[in-house]
Structure formats: structure tokens, C-alpha cells
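Listed below are the structures to be examined.
Below are two complexes that have chain A in common, paired first with chain B and then with chain C.
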Partner chain A sequence: MKTLAWFEFKETIRHRWWLFYSISLFLLSSLILYIGSSESMRANASLLNLVLLLVPLFSLIFGNMCFCESLPFQEILIALSVSRFQIYFGKLVGLFLALSSAFVIGIGFSAWIFWSDIFLLLLIGILLTAIFLSIAFFLSATIDRKELALGTLLIIWLFFFLIYDILIMQIALIFGDYPLEIPMFIMIFLNPIDLARILFTIQLDLSAMMGYSGALFQKYLGGFFGISIGVIALSIWVILPSFFGYIFFQEKDF
Partner chain B sequence: MNSALSIVNLEKKYGKQEILRGIDLEILKSSIYALLGPNGSGKTTLLKSILGIVKPSFVDVLAVDLSTVGYMPQQPNFPQNMRVFELLDLIIILRKKPAIYLDYLLTKLDVGNFYKKFIRELSGGMKQKVNIVQAFMFEQSLFLLDEPTLGLDPHQTYVLKGLIKERRYSGATVVFSSHIMSEVEELSDVVALIVEGEIYLKNSPDTIKAMGNFKTLEEALHNFWDEKI
Partner chain C sequence: MKWILCFFSLQLFSGNLQELIRNAKPFEIVNVDSGVYREGMIVIDKPIILKGIGRPVIDGSKQKNVIKITSSNVTIEGFEIRASGYSDIAEYAGVRIENANNCIVRNNIFKENVYSVYLAKAENCLIENNDIHTVSNREATSGNGIHLWNSKNTKIVNNSIEGHRDGIYIEFSGDSWIKGNSVKHNIRYGLHFMYSHGNQYIENIFSENQTGVAVMYSKHVHMLKNRFEKSWGHASYGLLLKDITDSVISGNVFFGNTVAVLLDAANRNRFYNNTLEKNGWALRILGNSEENLFKRNQFISNFFEVTTNSEKSTNDFKNNFWSTYRGYDLDKDNVGDQPFRPMKIFGLWVAKFPELVVLLGSPIVEFLEIAERVLPILTPINLLDSAPLIRRPS
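For the complex of A and B:
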């Protein structure tokens, strides 16, 4: 698997979209850090939004594109007696390393120039890359038609990025008279983008603006313990889609 | 055991559509076996089923040793951002065998000229040459070739046919699909005509021609084909 992951990594970092992704992240984050140099809190919040917007979207689309493009070559790998496990996870790991490196280089370089502390943001971005690549692989392995898979991926991204929040707001409005803190707390774990956003916000101590539920999140997700819980929950988001994607990939016809 | 490949009752369905029906094949060692049939008859699916690239819906027996198979897909689609030598190196590492024919093939097919180029820079014919090299660079006992001469110029076709004959004489078995009757007649010991997912006819080219006093294999198969359709 190591050989295939390394091959995939090399193949991806030579892709023009990899370069485009890395440069876009660098330019946009530099712009945010330059404009917000006097207000680091606001700059960090803007950086977070950039990461939450771009990383899932690019990981989904690029993951699907690479998966579909490589199917004909995977025929040759299977004919070489390479197991489907090695092919699937070798490709996933290689792509993850390549996209993570583009992210770290893009954001990290601008943070280095502007002396900004972005450790947690880097961690969140890397985890989001892994999560949305896993989801892309899951859908690419289950849906044979390329355009249908791409459409579904875009709907998933829109759902997690926008629609899920609208749903939560609606639930809060309709059931405002009931104690909703616990259901809300659980619902946050069902959306990796929201979970990443709240984890970051709490660590920046912006949760005071979130009222009682903010206090609840602060209690459970604040500090090192909170980061650990959040990272474990995000890791589950990596493992489950990639595992179920592999189940389908085992039976996939090329 | 004298067979290189043995299949009993192989079936493949996509939903309700039957692609392959009750395929039985016994391919002897050191022979050349041609699969013929119209487009969509199931030749490629059969080759892919043998390799596990397509999962059969049902099969009683599928006896093949994949560690000794060289496979040439119909349209090579290699990773675009890798160089030719990097791709071949990967295949050598994964195959875990020495590529004893690599240098010979690089010279014979003039791959040396573009050995260090990226795959994306290659023409269709050059990619097909790389396809031949990756399939033939190891000492294999079985070769599965899906329309191997597609996209090759006459010289390259001549070289490939030479390779197929060489391997057969050194004891290997070659199974290939084709639409080109002259090359089937020239190369094959046995021809199988596949129509609508079933093997309709299986015999040596000479026997098939003798069945109806046909002059050429093309004429004979055209006749059987018409009968079936």
C-alpha cells in the first residue's frame, strides 16, 4: 500500500489543480491576514470560513475526479494481483497526503509570513481534507455514473455547509420552548463542518456569544479534552465513509 | 494438468441484462486462442471476468493463476502525470518479479525515445507501445490481450504478432480478442465466436473453414454469424 500511496502522492502533486489549490489558499489566506492584521480574532474567523468553504469542496470534487480518472489503470493493478484493499486505500492515503500538503503549504506559508498562530486551523483543515476525500471515495465507489456522483457530491457539500445550519435554526425556532441543548449538542457531531467550526470557535473563546448552549459546548468541548473529543469525532467521520466505500469497491466492476 | 485456463458455467448480469451466459472454456497450455464476436458481444467482459476486474454473477469453476498473467487492456489509460519509466518501475515493484524482457522490448519497440517523457505527452500509438511493454516484460505463462493491435501502425502490429508467436513457442498461452480476421487466422490455434454473451462456435480456423468449404475464416464466420442473428 505504501508503494501505491507514494505513487499517488507523486502523481497528484504534479497535477495542475494541486498547484492551483495551493496557490489559491496561499493568496486568499495572505489577503485575509494582511487586511485583518490589526484584528487577529476577526482574521482568524475569516480564515476559518475560508477553510470550511474551500477544503471540503475541493476535496470532494478532486477526490471524485481522481478516483474516476484512475479506474482504467486500476484494471491493470488488479491484473497484477494487487488487492482491492491496497488499491483503494493506497489511492486514498496518497491523495490525502498530497491535498494536505497543498493545504499546509498554502495556509502555512502565509501564516509564516504574517506571524499568525494557526496550529488548530491546520489540524482542522487536514481532518476536513481526510473526511471529504473519504466521502468522495465512498460516493465514487457506489455511484457508477460520473456526473451523478459529482452532482451528489455537490449537494452533500451544500447540505453540510449551508442547509444543515438552516435546518438547525428552524428546529431551534420551532422547538424554542423545549430544552434543546442536548439534541443540538448531538446534532453538531452529525455535521463535520459544523463540528470543526464550533471546535475552532470554542478554542478561540468566542463561544460566550452563543448563550447557554455556548456554555454547554464550552464545558464539554473546551480545552485539551474538548479538542480530543472533537478530533475523535472527526476521525470517525474519516473512517466510516472510507470503510463503507471500500465495501462497495470490493464488488465494483470496472 | 494441461490447461492454462479453465472456466465452467460463467455468467455475468448487469441488472436484468445478461452479458455472459454459461461460458465454458478450456484453454490448453502453449496455444493461441482468439475471441471473436460483434461489438457488445461480451469479449471484453469475459477477459475482465477472468482477471477479477469484473465480478462474475455466477461461476462453477474459474481456474487461473493471476500471478502468471500478462494483461493488455483495450485502451491504455495510464496516470497522466507520471513518466513512462516511473510507471514501468511501479508495475515491476508490484509484480514482484524481474522484468527480464524489459530491455529487449524497449529496443524492439523504440520506447527508449520517450522513456523519460510524461504519459500525457505521448501519442495514442506510443501509449499502446507502453501497454505492450507492461504486459510482456515479465516471464508469464498466460497473456490476456484485449484487441491488442488497436491503434498500432503496421510495423508495430508486425512486432506485436512476432512477440505473441515467440511467447507461444516458449510455452506460454495467449488469449486475445480481435475484429481483424487476417490476424486471427494467422495467429490462432483455436477460435471462439461469441454472440450475445454465449460461445456459439469453438474450433480451429482450418476446421471452421472446412465446415462449409469456405475459402477464408472471414467468409466462414460471417456465414455462422448470419445464421445466429
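For the complex of A and C:
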């Protein structure tokens, strides 16, 4: 599995899309930090939105692309009696390392130039890469037709990025007369993008603006304790899809 | 041996401050040497000037008032006054001035008092250059820094007040002049006044008070060039106006508060030249507030500019600068050609359903704003600035 992951890693960082991803992250984040150098809070918020937009989208598409492109190669590996577990997770780990290194290099380099503190942002970005890669692998292993898988992935991205928030808004507008803190709290955990954003913004002490209902968020998502809980929840988001994807991959016919 | 002698002499010495006052003739200057006077409940019942040389300490040992002034024309200067008593039924202070006029409290340090300076039915008093601080834990067991009850024409100038319940509390007291004070870290309000008409607040700094500044049930108040900052919490306001009418709020800076200004039943007030920067909400106007005028204010980088819960607004906005304004100015007169609607639909919803703040920074909010720009019908009510400024007024 180690060999496979290493092979996948080397293969990916030679990919032109890898370079494109890394450079575009670098350029966009430098632009944000350069323009927002006077207003660090807004610059951070913009940087966060960049990460929340680009990282999941690219991880989904690139994960799907790599998985589907290497299907013939996987077939050969299976014929060589390499276990499916090793093939699947070797590929996932290798891709994850490659993409997160692109992310860390892209964002980290511009942060190094502009002296910005981005530890939490890096953490969130790496976790999001892992989450959306494993979602991509899950769907690619489940859905046989490549186009269909890609379409589904785009819909899933749109769902997490936008439609889910519309749902939250709808729920608040319809059930606004009831106490909503706990349902909201649970709903946030069911969307990794939202959870990542809240983890980041709660460090800016935005919970004060939620009135008394913000106390719950501050209590469980603020400070080091909150970051730990968030990281655990996001890790579950990594483990579950990749695990179910593996189950489907075991049954997959080539 | 030397130490014991020293101790004894202090003890003997400290007994006679009240004696000193008793022996003084009216209008005499009484100089008090430095030392620790463990002697509370001092009563000053004749017009004297009590002057501390080398900052003597008067320690009330947590028994009742440290100094009580019942005569007019008394001056207290240059002391350190500490440890007034706590009681559930009476309000004991470091200096309590009662039924007396023209008193002066100047250049003192107040420490660990429940109430520090307490004026009841006192007129024309001056409280100047005092350093007032304590540590309060709970609202119920703590008192106010400077407390005015039924006292007209008081001047409160250049004091520094920290850690009380309310920094300055004023009730039934008109025509006060409050200038240049620095009020910080108080556990309830920095400034709190009720039923006090015609007061002036100028160039004060209210910073990091737990629940901001609250002014209630008063008319003709002037608040000029103050700075309200960092009242950030679950129920924090920079300035809370409750039943305030015909007042002027001008040249103030509101920075980093959860809600910069809340208007609750505040009518016919004028807001000029204020700067509201980096607050959660810049203005929250409840429906019962009418005919307020907002002119030449600057709204910069607030999460939400204005929210109100009324269908029709009679509040007037004109010539304000809004950092989120996206209009154009064809004739270059520094006035935007399109009106600005400071109230956004998301801001309205968040005011109603605070849980929605979890969506702050979500792309959905941007989408809503774009939708509002394309379809102005989405914007809830006709609250608008008809002539917004393009550049920040200087």
C-alpha cells in the first residue's frame, strides 16, 4: 500500500492540474492578502471563502478523474493479486497527500510572503481535501458511468456549498418561533463546509452576535476544545464515505 | 522595637481624624499628614477644606460610609479612600454627600469601595481627577463608581472609573456636565442614567464595559465626541437609548460593539457625524422609535448596517457614508445618484432569528444581496438614504 500511495503521489504531482491548482491557490490567496492587508479580519474571511469554494470542488473533480482514469491500471493490479484494500486506500492516501501538499504550498507560500497566521485555515483545508476526496471515491466506486458520477459530484458540491444553507434558512424562517439552537447545532455538523466555516468564524467571537443562542456554539465550538471537537467531527466525515466506498469497491466488476 | 513603636504611633495617630475635623473652624483648611487612618464613618458637618499631604489613606474597614458629608462647601482633596461597607438595605460609599451643595471631591484615589462617590440631593458639586477602581464580581453585591441621585448641576470631569457595577449612574439628576472620563471594565453599564434631563456627555471613553452604555427615560441629552468601544457580548450595546427624546448624538465613535446603537422608543433625536465602525450591528431601530434624523454619519465595515422591525419607517437618513454602497456619481458632487437601502433582507432575518448568524459569511448571503440589487422589491421596507456620500466626510 505504501508503494502504491507513493506511486500515486509522484504521479499526481507531475500532473499539470496539480500545478494549476497549486498556482491558482497561491495567486488568489496572495491577491486577497495583498488587497486586504489593512483589514486582516475581512481578508481572513475572504481567504476562508476561497478555501471553502475551491478545495471541495477541486478535490471532488480531481478525485473522480484520477479514479476513473486509472481503472484499467487497477484491473491489472487486481490481476497481479494486489488486494483491493491496498489499491483503493493506496490511491486515496496518495491523492490526498498530493492535493494537500498543493494546498499547503499554495496557501502557505502566500501566507509566508504576507506574514499571515493561517494554521487553522491550513488544518481546515487539509481536512476538507480528505473529506471531498473520500466522497469522490465513494461515488466513483458506486456509480459505474463516469459522466453520471461527475454530474452527481457537482450536485453534491452545490448541495453542500449552497443548497444546504438555503435549507437552514428555510427552516429558521418556518420554525423561527421554536427554540432552534440544538437543531441548528446538529445541522451544522451534517455539512462539512458549514462546520469548517463555523469553526473558523467562532474563533472571531461571532457567537456574541447570536444573542443567547450563541452561547451553545461558543461553548462547544470555541477555543481549543471546540477545534478538537470540530476536527473529530470532520474526521468522521473522512472515514465514513471512504469506508463505504471501499465496501462498494470490493463488489465492483471490471 | 522600632517597628512596634511605629505601629503604636500609627494606631494612636489614626484615631484622631474625626477629632481634627471636630476642632476645625468653618472654612478652615485642614491639612492631613500621610499615614493610614483606620477610621470609617467620618462625618463632615461644617464647611472645611480637607487636604491630604502625601496621600494619606482613610480605611473604612468595610463599615458603613468612609466619609459622609452633610455640610455645603466641603472640599476633599488628595486622599486614598478605601473599603466602604456593604449592606443589603443601605448604600455605603467612599464619600457620601447628602443634602449639601458646592462640594468638591478632587484628586483622590478610591479603592475597594462598594459605591465610591455617592451624591444624594446635592447641588453644584464637582468630582474631578479621581482614580476610582474596584473589583466587582456580581451585580447584586456591587455598587456604582459615581452615583448621583436627585443632584442637579454636577460636574464630573477627568475621572477614571474601573470595575464597578455601573461606572457612572445618574438618576433624577439634571443639567450634569460629564467630560473627559475614562470608564472601563464595569460589569454592567459604563454610564447609566434614568429620568435625568438636559445632561451633557462630552469626550468620554467607554471601553469594554460588559453591557455598554444605557441611557433611559430622559430628554434633551447631548452626547458629543464620546468613544464607545468593545462592548462585545450576548446582550451588549455601545449605546442603548431607551425612551430618549430630543437629544443630540454627535461626533461619537462606535467601534467593535455587538450592537453600536439601539433605539428603543427613542424619538426626535439627531445623529450627526458619528463614526460606526466594525460593529456587529451598527443601528438597531425598534419600531417604536420615530422621526430620528441620521446625517453625515459614517458606517464602515459593520456586519449589518441597519435593522428595524417596523413596516414603515419615519426615521430619516441623509448624506451618510456607507462602506457597502455600490452606487455611482455622474455629476461628481460627492453624492451618489442612487439611493442606498442600508437594510438587507438577511439582516432583517438575523434580527428575527438570531440562530441564522451561523450563515454569516456563507455564499448564500452574497447571493441574497445580489438578488436584492437586481430585484429591489425584495428589500423589506422603504428605509433608505436618499443621498449617500461617495467619499468619507472628513
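Everything that follows uses one rule, which is that the second predicted complex is superposed on the first by the 250 of 254 C-alpha atoms of A that agree within 3 Å, B and C clash if a C-alpha of one lies under 4 Å from a C-alpha of the other, contacts with A are read in each partner's own complex, and residues count from 1 in each chain.
The rule we apply is simple: contacts are C-beta pairs under 8 Å (C-beta built on N, C-alpha and C of every residue); 3 or more make two chains touch, one makes a residue touch a chain.
Owing to the predicted nature of the structure, the values given are computational and were not obtained by experimental measurement.
When chain B and chain C are set side by side, the one touching more residues of chain A is C.
With both structures placed on the common chain, the touch criterion links A:Thr201 to chain C but leaves chain B unconnected.
Once chain A of one complex is fitted onto chain A of the other, the partner contacts of A:Leu53 are limited to chain C, with no touch recorded for chain B. When the two complexes are overlaid on their common chain A, residue A:Asp165 makes contact with chain C while staying clear of chain B. Using the contact criterion defined above for the overlaid structures, shared-chain residue A:Ile188 touches chain C, although it does not reach chain B.
Once the two complexes are overlaid on the shared chain, A:Ser37 sits clear of chain B and of chain C alike.
Residue contacts after overlaying the shared chain place A:Glu11 against chain B, while chain C stays out of touching range. Using the contact criterion defined above for the overlaid structures, shared-chain residue A:Ser235 touches neither chain B nor chain C, since it reaches no partner.
Of all the residues in chain B, the ones that touch chain A in their complex are 14, 48, 51-55, 66-67, 69, 71, 73, 75-82, 86, 90-91, 93-95, 134, 144. Per the touch definition, chain C reaches chain A in the complex via residues 232-236, 258, 278, 280-281, 301, 303, 349-350, 352-364, 367.
Contacts from chain A toward chain B in the complex involve residues 3-4, 7, 10-12, 14-15, 69-70, 72-73, 75-82, 251, 253-254.
The touching residues of chain A, counted against chain C in their complex, run 39, 41-42, 45, 48-49, 53, 161-162, 165-166, 168-169, 172-173, 176, 180-181, 184, 188, 194, 197-198, 201, 205-215, 217.
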